[in-house]
Amino acid sequence: METTNGDGFGVGWYPVDGPGEPALLRGVGPAWSDANLREVAAATSSPLFLAHIRASTGTAVQQTNCHPFRHENWLWVHNGSIRDFGRLKRDLVLAIDPDLYPSLAGSTDSEVMFHLALTYGLRDRPIVAVERMAGLVESVARAHGVPHPLQMTVATTDGDRIWAFRYSSEGHSRSLFYSTALSALHELYPDDKRLRGLSDETRLVVSEPLGELEGAWQPVPEASWGVIQKGEDELGHFEPAMP
Amino acid sequence: METTNGDGFGVGWYPVDGPGEPALLRGVGPAWSDANLREVAAATSSPLFLAHIRASTGTAVQQTNCHPFRHENWLWVHNGSIRDFGRLKRDLVLAIDPDLYPSLAGSTDSEVMFHLALTYGLRDRPIVAVERMAGLVESVARAHGVPHPLQMTVATTDGDRIWAFRYSSEGHSRSLFYSTALSALHELYPDDKRLRGLSDETRLVVSEPLGELEGAWQPVPEASWGVIQKGEDELGHFEPAMP
Amino acid sequence: METTNGDGFGVGWYPVDGPGEPALLRGVGPAWSDANLREVAAATSSPLFLAHIRASTGTAVQQTNCHPFRHENWLWVHNGSIRDFGRLKRDLVLAIDPDLYPSLAGSTDSEVMFHLALTYGLRDRPIVAVERMAGLVESVARAHGVPHPLQMTVATTDGDRIWAFRYSSEGHSRSLFYSTALSALHELYPDDKRLRGLSDETRLVVSEPLGELEGAWQPVPEASWGVIQKGEDELGHFEPAMP
Amino acid sequence: METTNGDGFGVGWYPVDGPGEPALLRGVGPAWSDANLREVAAATSSPLFLAHIRASTGTAVQQTNCHPFRHENWLWVHNGSIRDFGRLKRDLVLAIDPDLYPSLAGSTDSEVMFHLALTYGLRDRPIVAVERMAGLVESVARAHGVPHPLQMTVATTDGDRIWAFRYSSEGHSRSLFYSTALSALHELYPDDKRLRGLSDETRLVVSEPLGELEGAWQPVPEASWGVIQKGEDELGHFEPAMP
């Protein structure tokens, strides 16, 4: 039983010409009734975008709490939560690089996770940085006696590659899927019109499978990271590490 | 399978001291995350109120489309729709008393139904007026070749009595329930704390049963009207009539 | 003394590649604090756009009342009002082509004016159509004893040309300006960096002059229409006409 | 030249029967077009309320940034700003009692000032607590090389008394007025209907004078605190103090 994701939405997209800084469109109502989202989506082309629909786990429904979060050319979306975030928040925020502190604009665990990952080197070594962020969350939670604190699927991108993560402290994470290689799908469904014109570099990462196409979605294994990039994508084991 | 009622909400309530004009609180987001609703509800006492959560059937998500609709001391809420309302709307609006026309503020079928009922004498003979409104809708629909046009449960009040209606052109209406007489519930559940302090005049009308109390809810029969009032409540057969 | 235009905003823009249907971004808060407007504006290129900031003259602050209004490839913005609109509205709405009636989504005089102009042939002969719309408004107002009913500056476009209008029944209209020909500005200010890269076809139409550049703005005369188009623009006398 | 206060509003009010916790109504649009504000204001009686209209000095327009801020039975409104708040914020937030930290919901300087005052004993010795808050802000600013950091008029209440403060580091504070004693106004204007029925305990504190009644408003002197309470009100000199 999942809650309705009606507590705001967001989409961040990169321009067609080169990487550059992504644009954000975020709203506080349900995505399904947002006229601007439909308008801008229809009028926009982009080689890479992240989209998110939010179900608040307690923090306010406001634009600064809507994903994606952005820092320079980076975007971040998160599905999950930090248990007892209210109790852990101060210690987590204190671990954020003071130079990054002023760019915290909202009140969510997700934005804090992003800024911790930035603190730990997201821009240079994304996988290590996210593993350290997770390690810190688990360490702070342990100090406060909070069990199984982290539940997350995360996607982050610099406009060129996408890193996706699936992890939870209890080893029972929310689902995450990536789309089957287009070359394979083209072979399976040579006549499917929806697949026409999609290049072999097309890849989707989603929390739940979209549509009914048999074989279109591959589950990301428990405790994993993946990289979507030009050429061969990658998949590996995710392991929280002390920062 | 029902859609999520996340397209706005509203509550209208009457003052404790005498009838007077009701106040309205309406919002365009989901009721579940509206801070003002929680605040005002906690700070307000009222002997009679109508509340509504909206699932748009196509018209815009905006405050003027949120129920209850109000005219002087009257409130109106509606669950349902007029089929092909876009095609029928002009003829229906033309039938509204020109003096009432300027008070149409939104774009819903529900508000048009309310103003038609007002046109047909809601303030004097509510049941007849709503039967005439339904008759007009069916007549206009027939002229446009729209089958089974009306699907409605409606509640309307002058601050003193509440009239509730359950009707659909196809004879298969959305559900409507009223609460069992408090005297009977007090006998059934002499120890239930939630029922303490509720007078015998307490009555709820709801689209779907609330809570788990066995025997607490009575279905309003298909094609019926009911009146909640001081003393004996009433129930009767609803029959659309040409205005 | 002007009121603050903080009751919503909107921008409609055409795609870079060919005419096509314009996109709309509209919001109900002040433009000055709308994050999405800044984001989308920075991420979008367009050869032609209309923008509007709203000061409500009484109708609700909601997205369906925000300009521009759109019909197929046409956009419409209006600055002004119809006096005693509540009293005149029904007669004006009745004059709208019944096929266009269902596309009325809001409650403003401006949207009614647009649909009247569409009814009178905006898509074929824009100037005549707007003159007939004005004629109808004045005629309906006369029948209701409303003096000086129309106060308007209007801009409308099909994505290729822009028609602008300045008119009021009392002969004292709100201001309207168009930008001086770029060829002349380039001669006047050969070193102004803001003018570099602007082609001779660049033209702005505004309610009030923007910026401080001496000679940059030409007032549209009282009771006039103008056409911004490729090649020579045009200006003529505006005269309401009975439809 | 003041900016338009169109970036949200709020009102907090206490129940008629005894002190209790105040209710809040806050919105993100301009107060002048908020239908719920008009409705709830008309339907509510309260012996004591604080109201605020916001002009953002940079932080997001969202409900959690709207005044009044509330903690248990306390309310707080602020007009002014902390200069270079982004640079000072982390140090200021670190000085907040860790037990109070989780109740920070927004991102404004005003909310941080409130939580600092709570940290320094607002609930026990309000004047001392606010003087310490101001002292801390000036001390942290000095360490960061920020001159004249604090500009504030503040009102805070526990539901029984109201404390008002006027202070700025540069000795040139925003205006603050309190209403002349009703006994004096009744003598000056024995026939003024607006003053009838107002008891001698009626007192307003405002940023700018309301209305045109000569002699109705007294300026709060530079660097002052005042207490509105049953019986004699008080006024004194405000002096920041190191916490």
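Note that the chains are named A, B, C and D in the order they appear, and that numbering of residues resets to 1 at the start of each chain.
What we mean here is this: a residue touches a chain if its C-beta (ideal position, glycine included) is under 8 Å from a C-beta of that chain, and two chains touch if they have at least 3 such contacts.
Keep in mind the model is a prediction, meaning the values are calculated, not measured.
Undergrad: Between chain A and chain D, how many degrees of rotation does a Cα superposition need? Round to steps of 5.
TA: Result for this pair is 180 degrees.
Undergrad: Count the C-beta contact pairs for A-C and for C-D, then tell me which is higher.
TA: A-C
Undergrad: Centroid from C-alpha atoms only, then distance chain A to chain C, rounded to Å. What do you get?
TA: That gives a centre separation of 41 Å.
Undergrad: Could you work out how far the Cα centre of chain C sits from that of chain D, in whole Å?
TA: Chain centres of chain C and chain D, defined by C-alpha means, are spaced 42 Å apart.
Undergrad: Using the touch rule from the top of the page, what residues of chain A touch 2 or more other chains?
TA: Residues 35, 60, 63 of chain A touch two or more partner chains.
Undergrad: Using the touch definition from the top, list the residues of chain C that touch chain B in their complex.
TA: 60, 62-64, 86-87, 89-90, 94, 98, 101-102, 104-107
Undergrad: Which part of chain B faces chain A closely enough to touch in the complex?
TA: The contact residues of chain B facing chain A are 4, 6-7, 28-30, 32-33, 35, 56, 60-61.
Undergrad: For chain B, which residues count as touching chain D in their complex?
TA: 13, 15, 23-27, 35-36, 39-40, 42-44, 63
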